[in-house]
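Look for chain A in each of the two complexes below; its partner is chain B in the first and chain C in the second.
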Partner chain A sequence: MEHQLLCCEVETIKRAYQDANLLNDRVLQTMLKAEENYLPSANYFKCVQKEIVPYMRKIVATWMLEVCEEQKCEEEVFPLAMNYLDRFLSVEPTKKTRLQLLGATCMFLASKMKETIPLTAEKLCIYTDNSIRPGELLQMELLVLNKLKWDLASVTPHDFIEHFLSKLPIHQDTKQILRKHAQTFVALCATDVKFIANPPSMIAAGSVSAAVQGLHLKNVDHMLSSQNLTEFLSQVIKSDPDCLRACQEQIESLLETSLRQAQQHNISSETKTLDEEVDLSCTPTDVRDVNI
Partner chain B sequence: MFYGRLQALNEVPAKDLFSVGIYKRLLLFFVFSDQFCIVLFFIQIDIMDLKKGILLSSSNRKVCRNLFGPVDRDQLHAEYQEILQKVTQDSALKWGFDFVNETPLEGSNYQWERVPSGKVPALYRSCFVTASIQGIRLGKENEPVALEQTGKPFSCQNQESTPKKCSSGVLKRKQTNITDFYQSKKMFVQRTEKA
Partner chain C sequence: MSNVRVSNGSPTLERMDARQSDNPKPSACRILFGLPDHEELKKEFKKQRESIEAASRDRFNFDFVNYQPLPGRYKWEIVDGKDLPEFYTRPPRVKRKPDQKNLDHNGNSNTSSVASCQGSFETKILQEQGPGNSAMQKDCKDNSTGQRKRTASNEFSSQSKRANNGTALEEDEKICCQAVAMIEQTPRKSSPSHHT
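This part shows the complex of A and B:
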C-alpha cells in the first residue's frame, strides 16, 4: 500500500539530462546565426493579410496556449507553434475562418517536433469543438509544410534560455525558478503581436532579465543588477543594450497588463475572497524577517 | 533562495499577484513549516499558478471551442489537391521517377533499378499496423500503463528478429523506454539459465 502514497505528479516521460557539452559558445553562435532564417515578417498584418487582424492572432494564440497547458505539452511547443503560425501568415493571405485550423496544425507540427508522445490529430480536432476533422488537419498540414518549405527546425527563445542561465552566477535551485519564470514570459511574449519582430535571442534575454528583476535576485551577485545584466546579455546576443532594455520593459509592461486583466477577471468571479487576499498582501514584510 | 523569492513578492506586481491569489499557500508554508522538501513542492505548484494567473486569466472558460466559424472545406480540399500534385510533380522531376505509377522517367540524372522487397531492410517495407496500436495511444498520463499492456510484442524474440516485426503484423513502436530493454534482457537471462 505504501507505494500508493508516493507523489504521482512527477513527469511520466523519461528524458535525457541536458548535455552540458552543447552549452558552449560555438553552439550559441550557430544559433544566433540560424535564428535569422526563421523570423516571420514584422508587418504581415499590413502587407499580406486582408482579413486577419492582430486581435484575431491574440484569440487563436490564447486558445493554443490553453490547449498546450491542458495537454501538458513541453514548454517549447507553444512558442514553436506560434513561430510556424507567424511564418505561414507572413507569406500566405489567409481567411479568418481558417485561422483556428492553422493554429491547430501548427501545434500538431510543433508537438511532433518536440514531444516524445505528440498530440494526436483527433485530440486537436476535439479542441476545436469538432469544427474541423482530422482529415482536414492533415490536408492543412501539407499546405503549412509547403509554405514553410519543410523547414521546421526553428530556433526558439527556449534554446537560448539554457545558455544564458549557464552563464549566470546563480544557485541550481534558484535557476529552476528563474527558468520557469523566464519560460512563462516567453509564452506571454508569443501571445502578443508586439514581439513578432524580435528575434528569439532577444525575447529570451529580455525574459531572463525580467525574471531576474522580478525575483529580486540583484542582491545575490552584483553581476545581476539590472544594468550589468542587460550589458552582459546584450553582449552575449550581440545586440544593443538599449534594444534589450526596451524589450525587457515591454515584457514587464505586458506582464503588468496581463496581471491586471487576470485581476479584473478574478474580481468579477471571486469577489468574496478578495478581502482576505488583500489582507495577505501585507504579510511578506513580516515573513521576510522569518529566518529559514 | 527562498529569501530572494519572498522579496520578489514585495516587488512591482506584488499587490496584483496577491489579489490573484498566487503565492498564498507558499507564504503560509513559510511561516508554519521548516521542512525543505515541502516548501519546494509548494513553490513548484505556485509557479504553475503564476502561469495560470498571468496567461490563462479566464481559465474557467471551456478550452474546446470554435473560434471563427466553420472551415471552408471544399476550398481547402482543392488547395490540398493542387499542392499535392505540385509536390508530386516536383519530386518526379527531381528524382526522375514517376512516383504515382512507380516507373522511372526517361532522361533524368538517375538510373533506377528494381529491387525485390525481400532484399531491402524492414524499414522500407510496407507495415501493417494492428489494432493493438490503440493500446499505445492512451495519451501521456497513461503512458506507463499502456507500455505494460503492450509489453508482450517486445519480448526478446522479437528484438532478435526485427525484419519479422513488420511482416508478421506486429505494431511498429513509437518510442522506446529504457525499461523495455531491461525487461527483455531479464527474460533472456532467465531463459538461458533454464536451458
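This part shows the complex of A and C:
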C-alpha cells in the first residue's frame, strides 16, 4: 500500500537555496544601516496626501494581500509592495481613484523583484475588475520607479526574520512554524497604518517574539522567555527593549482585533465574502489564544 | 475559525505549488475606489513622462526625445552600433525561441547577427568630459557590467570606456541605476514620439 505511483508532473516553485553564508553579523549590520533608506515618511497622510486617508490604505492593503495570497506570491511580495506604496505616497499626492492602480503597480514591481514567475500586468488588471488597463499599469510602473528613484531593493522584515531565527536555540521543525507565524504577523503589520513608522527590523523582531509567545515556546529554552527574548532581540537590532516590547504588544493587539473581527464575520455570514477576514486568511489557528 | 488556514502551503508550511493558472476568484476582482478617469490618467502620465524626460535631459544634456546631444557637462559622440554588445541594440522584450541555434550559454543570441540587422542604428554613449564627472562615469561602468546577463564574448571588454574596472562606488550607485534605466526607458530614435 505504501508504494503507490506518484505523478510528479506538477509544477513547483523553483527557489534558490538559502545561502547560510549570508546569515552573519556583517550582513545584519549592513541591513540595519540600509533599512533607514527605505522608510516611508510616517505622516504622509497629513503632509502629502489630500484625498487619501488611512482607512483607504487599509482597504487597498487588504485587497493586495488577497491578490498575493490567491496568486500564491512569495511571502515577501506583499510587504515589499506595501513599502513601495508607502514610499510613493510619501512623495506624491495621489487621487483616491488611482490608489488601486498604485497598489497593483506596486505588486507588479515587488513580484518582479522577488519571484521567478512574476505576476503579469494583465492578471493584475483582471483583479481590478478591469477598471485599469495593462498599458496604464506599465506607465504607472515607470512613474513609481521614478518616484522611488529606481531603488527597489528595500530591506523587508523577512530579511531580518532569517537572521533572528538563526540565533535562536530551537529545533528545525519549530523554526519553520515560527517563521510562518512571524511572516503572518509581518503581513498583518503591513496592512496596518500604525506600523508605517517602524523600521523592518523592529517589525521582524516584534513578530518573532510575538510568534514565540503565541507558540508557547518559552519553556523550550530559558532564552525564549518573553523578557530574555525581548532583551536579546532589542540588542540585535540595536533598539530599546521597551520599544520592542511596545511593538510586540501592538502586534498582539492587532492580531486580537483582527481575529475578533474575523470571528464576528464568520458568525454573521458563512459565505466567504471577503472583508476583514482577508487579513486572517493566512493566520495560523493556534495563535488565536495569544493574550485573548 | 474553521476557515482560518495557514496559507497555501498548509502541510509543509511552505508554498511549493506554482502560480495558479486558472482565473482569479470573482470576489477578489473588484473596484475599490471607483473608476479612474482614463483620459485624465493619460494626460497625467503624459505630463509626468515629460517631466521625467526633462529631468534626464538636464541631467545628461541629451535630448532623448529628438535624440540630439545638447551643450553641457557631457560630451556625446557617435559610435557604431556594431561595436556594442547586442544588449544595447536589441529591442526590448524579445521572446527567445528555445530552438534558436545561435544562443550562447547565457541564452543571448549571437551578437554579430543582431548587430548586422541593426547596423543602421546609431548608438551613442556618454564619455567623460571633465574630471568632475568621474564618479558617475565609474558608476555607469559598474552598472553596465553588473546588472544583466550579456554575451560572454570578449568584444565587450574591447569597450574600454564601459568595461568594468572593478571600482564600485556604493554611494552613487543609485544615481547610476537611475541614469542607466532612464536611458533604457527613453524612446529611441526609431520611435521618438510614440507617447500620446
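Just so it is clear, the second predicted complex is superposed on the first by the 258 of 292 C-alpha atoms of A that agree within 3 Å, B and C clash if a C-alpha of one lies under 4 Å from a C-alpha of the other, contacts with A are read in each partner's own complex, and residues count from 1 in each chain.
Everything below uses one rule, namely that contacts are C-beta pairs under 8 Å (C-beta built on N, C-alpha and C of every residue); 3 or more make two chains touch, one makes a residue touch a chain.
Since this is a predicted model, take the numbers as computed values, not measurements.
**Q** Could you classify chain B and chain C on chain A, in the superposed arrangement, as clash or fit?
**A** clash
**Q** Of the partners chain B and chain C, which touch A:Ala246 in the superposed model: first, second, both, neither?
**A** Touch partners of A:Ala246: none, neither chain B nor chain C.
**Q** Identify which of chain B and chain C touches the larger number of residues of chain A.
**A** B
**Q** Which partner does A:Thr191 reach: the first (chain B), the second (chain C), both, or neither?
**A** The answer is first: A:Thr191 touches chain B but not chain C.
**Q** Is A:Leu215 touching anything from chain B or chain C once the two structures are fitted on A? First, second, both or neither.
**A** Touch status of A:Leu215: first partner only.
**Q** A:Ser258 contacts which: chain B (first), chain C (second), both, neither?
**A** Touch partner of A:Ser258: chain B, not chain C.
**Q** Between chain B (first) and chain C (second), which, if any, makes contact with A:Thr97: first, second, both or neither?
**A** both
**Q** Considering only the touch criterion stated at the top, classify A:Val27 as touching first (chain B), second (chain C), both, or neither.
**A** Neither partner.
**Q** If we overlay the two complexes on their shared chain A, which of chain B and chain C does A:Met223 touch? Say first, second, both or neither.
**A** Neither partner.
**Q** Please work out whether A:Lys149 is in contact with chain B alone, chain C alone, both, or neither, and reply first, second, both or neither.
**A** Second partner only.
**Q** What part of chain A is shared between its chain B contacts and its chain C contacts?
**A** In chain A, residues 12-13, 56, 59-60, 63, 66-67, 69-72, 95-101, 117, 123, 126-129, 131-132, 136, 139-140, 142-143, 146, 177, 180, 184, 259, 262-263, 266, 273-274, 277, 280-281, 283-285, 288 are touched by chain B and also by chain C.
**Q** What does chain A use to touch chain C in their complex?
**A** Touch residues, chain A against chain C: 10-13, 56, 59-60, 63, 66-67, 69-72, 74-75, 95-101, 103, 117, 119, 123, 126-133, 136, 139-140, 142-143, 145-146, 149-151, 176-177, 179-180, 184, 259, 262-263, 266, 272-274, 277, 280-285, 288.
**Q** In the complex formed with chain A, which residues of chain C make contact?
**A** Touch residues, chain C against chain A: 1-8, 13-20, 23-25, 27-38, 41, 45, 48-49, 52, 174, 177-178, 181, 185.
**Q** Which part of chain A faces chain B closely enough to touch in the complex?
**A** So the residues of chain A in touch with chain B come to 7, 12-14, 56, 59-60, 63, 65-67, 69-72, 95-101, 116-117, 120, 123, 126-129, 131-132, 136, 139-140, 142-143, 146, 171, 173-174, 177, 180-181, 184, 187-188, 191, 213-217, 219-220, 252, 255-256, 258-263, 265-267, 269-270, 273-274, 277-278, 280-281, 283-285, 287-288, 290, 292.
**Q** Using the touch rule from the top, collect the residues of chain B that touch chain A in their complex.
**A** 1-21, 24, 27, 30-31, 34, 40-41, 43, 47, 50-60, 63-73, 76-77, 79-80, 83-84, 86-87, 137, 139-141, 143-144, 174-175, 177-178
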